[in-house]
Amino acid sequence: MTDHATETPAPAELVLDEISKTYGQNRAVGNISATIPAGKVSVIVGPSGAGKTTLLRIITGLEEATSGRVLFDGEVVNGVPEGLAMVFQDYSRSLFPWMRVEDNVAFPLRRRTSKAERAQRVEEALKAVGLDGKGRLYPWQMSGGMQQRVAIARALACQPRLLVMDEPYASVDAQTRAELEDLLLSIQAQLDITVLVVTHDIDESVYLADRIIVLSKPPSTVAEVIDVGLARPRDQITTKEEAEFVHARAHVLRLLRGTATPDDASDVRVA
Amino acid sequence: MQLIHDPLTRRTQVVLGVVGVVGFVAVLELVIRTGLLSGEGLPLPSAVGGQVVNLLGDGEFWTQIGFTLRQWLLGLVIASVVGIILGGLMGAVPTIFSMFLLPVEILRPLPSIAVGPLLVLILGAGMLPLSLTVALACMWPILFNSMYAARAVDPVAIQTARTLHVSRAGILMQIRLPAALPFMFTGIRVAASIGLIVAVSAELLFGSGQGIGGYILVASTNASNLDGVYAATLVAGVLGVLVTGVLASIDRLAFGWKEGLAQ
Amino acid sequence: MTHDESTAMPSTRLPHRLGPLLKTAAIRLIVPVLLAFLWWLGSRSETNGLFIAPPLEVAQRVISDFLSTDPRHFFLGDVARGDLIPSLWRATLGFWLAVVVGVGLGIALGLQPVLAALFQPLVHLGRSLPTPALIGVFFLLFGTGDWPKVLLIAFGIVWPILFNTIDGVQSIGTARAHVASVFKISSWDVLTRIVLPGAAPKIFAGVRVALSLSLILMIISELQRSKNGLGNLLVANQRNFDYPGFWSVLVALALIGIVLNVLLVQIERRVLAWHRGVTLQHD
Amino acid sequence: GGDGGDGSGDGDELTEITVGVLPLADYAPVYWAEDHGQYEEQGLKVTFEPLQGGPVGIQQVVAGELDFAFSNAISSTVASAQGAPVQTVALVSGLGEDELGVFVTPESPIEELGDLDGATVGINTTNNIGDVTFARHAQEEGVDAEPEWVEVPFPEMVAGVQNGSIEAGYLPEPYATAARQAGLRQVANLVQGETVGLPVSTFVTSTQFANSDADTVERFAKALNAARDDMEGKDDEFRSWWPEATDADPEATAEMHLPVLDVQLSVEGMQDIADFMAELGIIDEGYDASEFTIVNED
Amino acid sequence: MTDHATETPAPAELVLDEISKTYGQNRAVGNISATIPAGKVSVIVGPSGAGKTTLLRIITGLEEATSGRVLFDGEVVNGVPEGLAMVFQDYSRSLFPWMRVEDNVAFPLRRRTSKAERAQRVEEALKAVGLDGKGRLYPWQMSGGMQQRVAIARALACQPRLLVMDEPYASVDAQTRAELEDLLLSIQAQLDITVLVVTHDIDESVYLADRIIVLSKPPSTVAEVIDVGLARPRDQITTKEEAEFVHARAHVLRLLRGTATPDDASDVRVA
């Protein structure tokens, strides 16, 4: 993946400054402030309907916040920032069924790269997600999990500075999910990019994260920001058997249940 | 390029719609009056408008509207009954599908307006042949929609019903029928607006002086009364818009759950 | 794990297939044959026999009117050259005009809610006007040549294309629209690679309806104020009590309709291959 | 259907008949008879059925939908020559002097009959009175003129000529008067000389009805003849009565040319027209008018 | 839930006897034999495309096996057995969009129970899945997670002897998921029914199961049957912190990765 990113730009830092969003009467996002550190993996977890997807839409400039601002490398976000790529929650609808898989992946690169480079990047991205040789298929000829991986490959092929993913692994089986988690971590390390992931899976959140942002029930605020100190590179089996991992996940679970007590957080550093 | 826009409020829509209509009328009036569009016999909005007012004040004209509506409704009902039954069967039973595919493909392209005069000759004057002409035009959208609807019932829904021990008849009545109904109704909606056009056209081309089309016919035998013709045409058009609106409301009320099928 | 014999496909030998093939043919032909028989019965009827020409006579008329042995005329008969070709030419022109205008306008209205709101009432009214009553306007504007007919055909059939295009553009979906902005796709690519292909299935549905309507309007546009054409011929034959001629035009129309339909299905197969795949998957 | 009745009009039972009509001055006697008692005298009760045109009337008569329908000698000759079982039973008027004309705009380069050769000329229906009388007129004048006829409904004819959609338009009364009022120029008068009084405006019935209800046919014919005779010479009364009877424009009626009412249905007259049509190639040679005409003139 | 089940019938036992299934050329299910013990919770895990859904369809009599047979309480299954309820993987399509939520839940009870009892059962079932008061909504007016819970409520309202669920919690958030898992366990214990669940989530499989049936890659066979001895009632936090839990999940994960070694299974009893 990295061979071509000869002059990799610096990873982006993201600051959320008192963001709130109201749809009509419905307050989707309460009041959220947080920092997504550059070159790290941050994970947002929170109950269904907490406004996670809405928050990502605001961060990526797809939607305007009702109040507050997003700073991308210190500048106020206003439209979709350069160097950003996103994997959508609704993966099957975010792929274009009239394009072959390879064209879907290549689509954002059109007009930006030469044909040869495009072909190579597509091939590499598909290989990375375990879909080499499937480029000539159409998305609807694939299983749900494969489609989700195509969406991930498309985002990777962009070589973004900030990679935003909304429940990227919801539809893949446990084994593939584990592989894709490891892929994400290795790419993040290689390219030194900023990654922001939304997930429902608490194990996953702890496994991936340098920082976990736990949202409360709607109208959502930040319930807690947890910095995870687990060593990298991580391993699906050994990392998850570590005491810090087990306790961090229990802590997140308690937070989500609304029963967190200060003691539980003793073995994770609270930001 | 922006693909998504915030939906306009109802009020903005109405205001814009009125602006559009008024603007169009004004432009048309201007273009004809200034002779930009060579003038004689063209529908001058002010003149046609005046005629519309005259028409609507004329009780006789309302009788003709009534005739057209009844004729249209009869045609639509005939088309719906035949279309839903035949289409549903074609969708559900492969043998019936292959039996009727060829005749359907042969008969569909036949312009009902061209066949209508024959119906008048064979069945005589009056409403029935006109209604049959309407039915002939309306049948195809209803038939095809019913056919696809009967086929497209979600297999998961049917399997679910089976695990819930619903009988075959129960599946037909409780699952297949309700699942297919909204699509059938869409067919009826499409057919209804086509049908009204065909109804007026049939009266105009081979009717016996009844209905809005008949009125246009009689109005046009009077020397150079083209504005009356245009006025009646306009009324027929507005009637079509109203009918479409009513059916759309029925659709929303009865099949609001259709949204649940949009994936 | 290896496949055992029981999972292999049952072998299909030719003789076994001939029986079912005949059976399908028989099933397919039952209703057409029945209809032809009813037609023949009708032609024997005392009161209506005059208007219902016997099938055989009609078939002969179709052959004698529409075909000839003269290779210089491409084996086309007088009627084919004098009426069929002009009719088809107008219908084709009107059809393409409607496609271009309907798709173009539909995309504009679909993308711009303000434009859509501005034109909505007019568009609904235009769709509901009885077309035969408008022949006069087109005659007064454009005379008696091909253009009034072409324009009337286009006016009559543009509506399903327009409505379906608007619908198709609006149903591209939030998700795909968001992809376009996140990945900063250029406007031209959005138009040609997202909007058009995304709306294509609906546009095609509209085009199909428009195609069958175009035959109807072709006839209507030629009923009066025309020097030739199948519609003109239909009226003339009927007026002159030439019912075999009248029926032969109907038969010709049905044949044209079938040919057009087959053509469109072929085009659709190619252009919308992806869509068939998607829908089959959901079946 | 018109069954029963014993020939005289003094029975209590009126025979009901349906007649297809169009409110044209040439067929005025059919309306006159309603308002002036000639049907009652014959024991008839008439229901009018407005029709879209002459040919439809013939078809509906043959189909048994109508008992009688207005027609003209030319349409019914074409129909019967094609084998349609129709009978001409009454003649209500002949062509009046100057009743049919061809009109152009004042600026048009078309100055005389010969200029119409190859021109696009509007006509209500082809193979009918308009083009037949035109051919007859051209023949009488010794001019070789064959226009390209295009079917255009009468109400659009004037506007069509003015807009240049057609080069000229054929118009009968009352449209001819309206055309003159609109400032059009007449380049041909199709009814002059021999053609005046050409027996064209007729009523037809089906052969079947003529056989089964010969008596009704006779009474209908007599009522129309009586009305026609009654109207003769009452031009002023005609002009004041016509707008009331048919909603026609009174101004146009005041100036329109009236049809010739001094006519009688005869086999010879019908045969004469048929022979000319055969000459023009509209029908085959050998047509025998006596087979399709039932004369009930006194 | 149980008040009305006055004469609860005995739970059903299910035996899979050398089941295989071939679609055309494609062997979806290899050769599967297993026992689903009565009154216990069994969980099937396996890679995507292993034929789990296909297997459930065969068990519920919706589809015929190419070879082999299913015994339901010792009798060969042949059509949909009485006393069975199923939650489909494709929950959104298995709810009927033209019925309100309460009618969807009441649907299988028609003709079997009085109107009053029906209403009560529906109310209880909806309450159990946390949807009380939402009965008048249409399914499509709900979020994905809520729809899935409706499907679960419908199955519960049937008071089945055998409850079959295909990835029932895929679309609900972690918190709700945990609650629904606990709900399933408590209902299973109260009603004493047999439960068979397919899941992608390994934590979930260990947490729920008395027995885990691990399928291999397609054409699938049974890779291993693991009996889980964790005490009941289980608790989302403490149970998951137990050593047996941690090791059982690691074992399943290794099995699915195809790297299982006999030693790993030392602390779980292999059937």
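When the chains are written out, they are named A, B, C, D and E in that same order, and each has its own residue count from 1.
What we mean here is this: a contact is a pair of C-beta atoms (placed from the backbone, for glycine too) under 8 Å apart; a residue touches a chain by one contact, two chains touch by 3 or more.
A quick map from chain label to UniProt name: A, E = ABC transporter ATP-binding protein; B, C = ABC transporter permease.
Since the structure is predicted, the reported quantities are computational estimates derived from the model, not experimental observations.
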Co-neighbours of chain D and chain B - touch as defined: C
By count of C-beta pairs in contact, the leading pair of chains: B-C
Gap in Å, rounded to a whole number, between the CA centres of chain D and chain C: 41
Separation of mean Cα positions, chain D and chain A [Å, integer]: 86
Separation of mean Cα positions, chain E and chain A [Å, integer]: 31
Gap in Å, rounded to a whole number, between the CA centres of chain E and chain C: 51
Residues of chain C whose C-beta touches two or more other chains: 48, 51, 136, 140-141, 176, 178, 181, 194, 238
Junction residues of chain A - those touching two or more other chains: none
Residues of chain D whose C-beta touches two or more other chains: 59, 62-64, 153, 156, 159-160, 163-164
Parts of chain D lying in touch with chain B, wherever the complex brings them together: 22-23, 49-52, 56, 59-60, 62-66, 153-156, 158-160, 162-164, 174-175, 178, 182, 247-249, 252
Residues of chain C defined as touching chain B within the complex: 24, 27-32, 35, 42, 48, 51-52, 111-114, 117-122, 124-134, 136-137, 140-141, 172, 174, 176-178, 180-181, 187, 190-191, 194-195, 209, 212, 215-216, 219-220, 223, 231, 234, 238, 246, 249-250, 253-254, 256-258, 260-261, 282-283
Chain A partner contacts - residues on chain C that touch it in the complex: 173, 175-176, 178-179, 181-186, 189, 193-194, 197-198, 200, 274-275, 277-278, 281
Touch list for chain A against partner chain E, complex: 45-49, 143, 145, 170-178, 200-203, 236-237, 240-241, 246, 250, 253-254, 256-257
Sites on chain E touched by chain B in the complex: 57, 60, 62, 80, 82, 84-86, 88, 90, 93-94, 96-98, 107-108, 138-140, 158
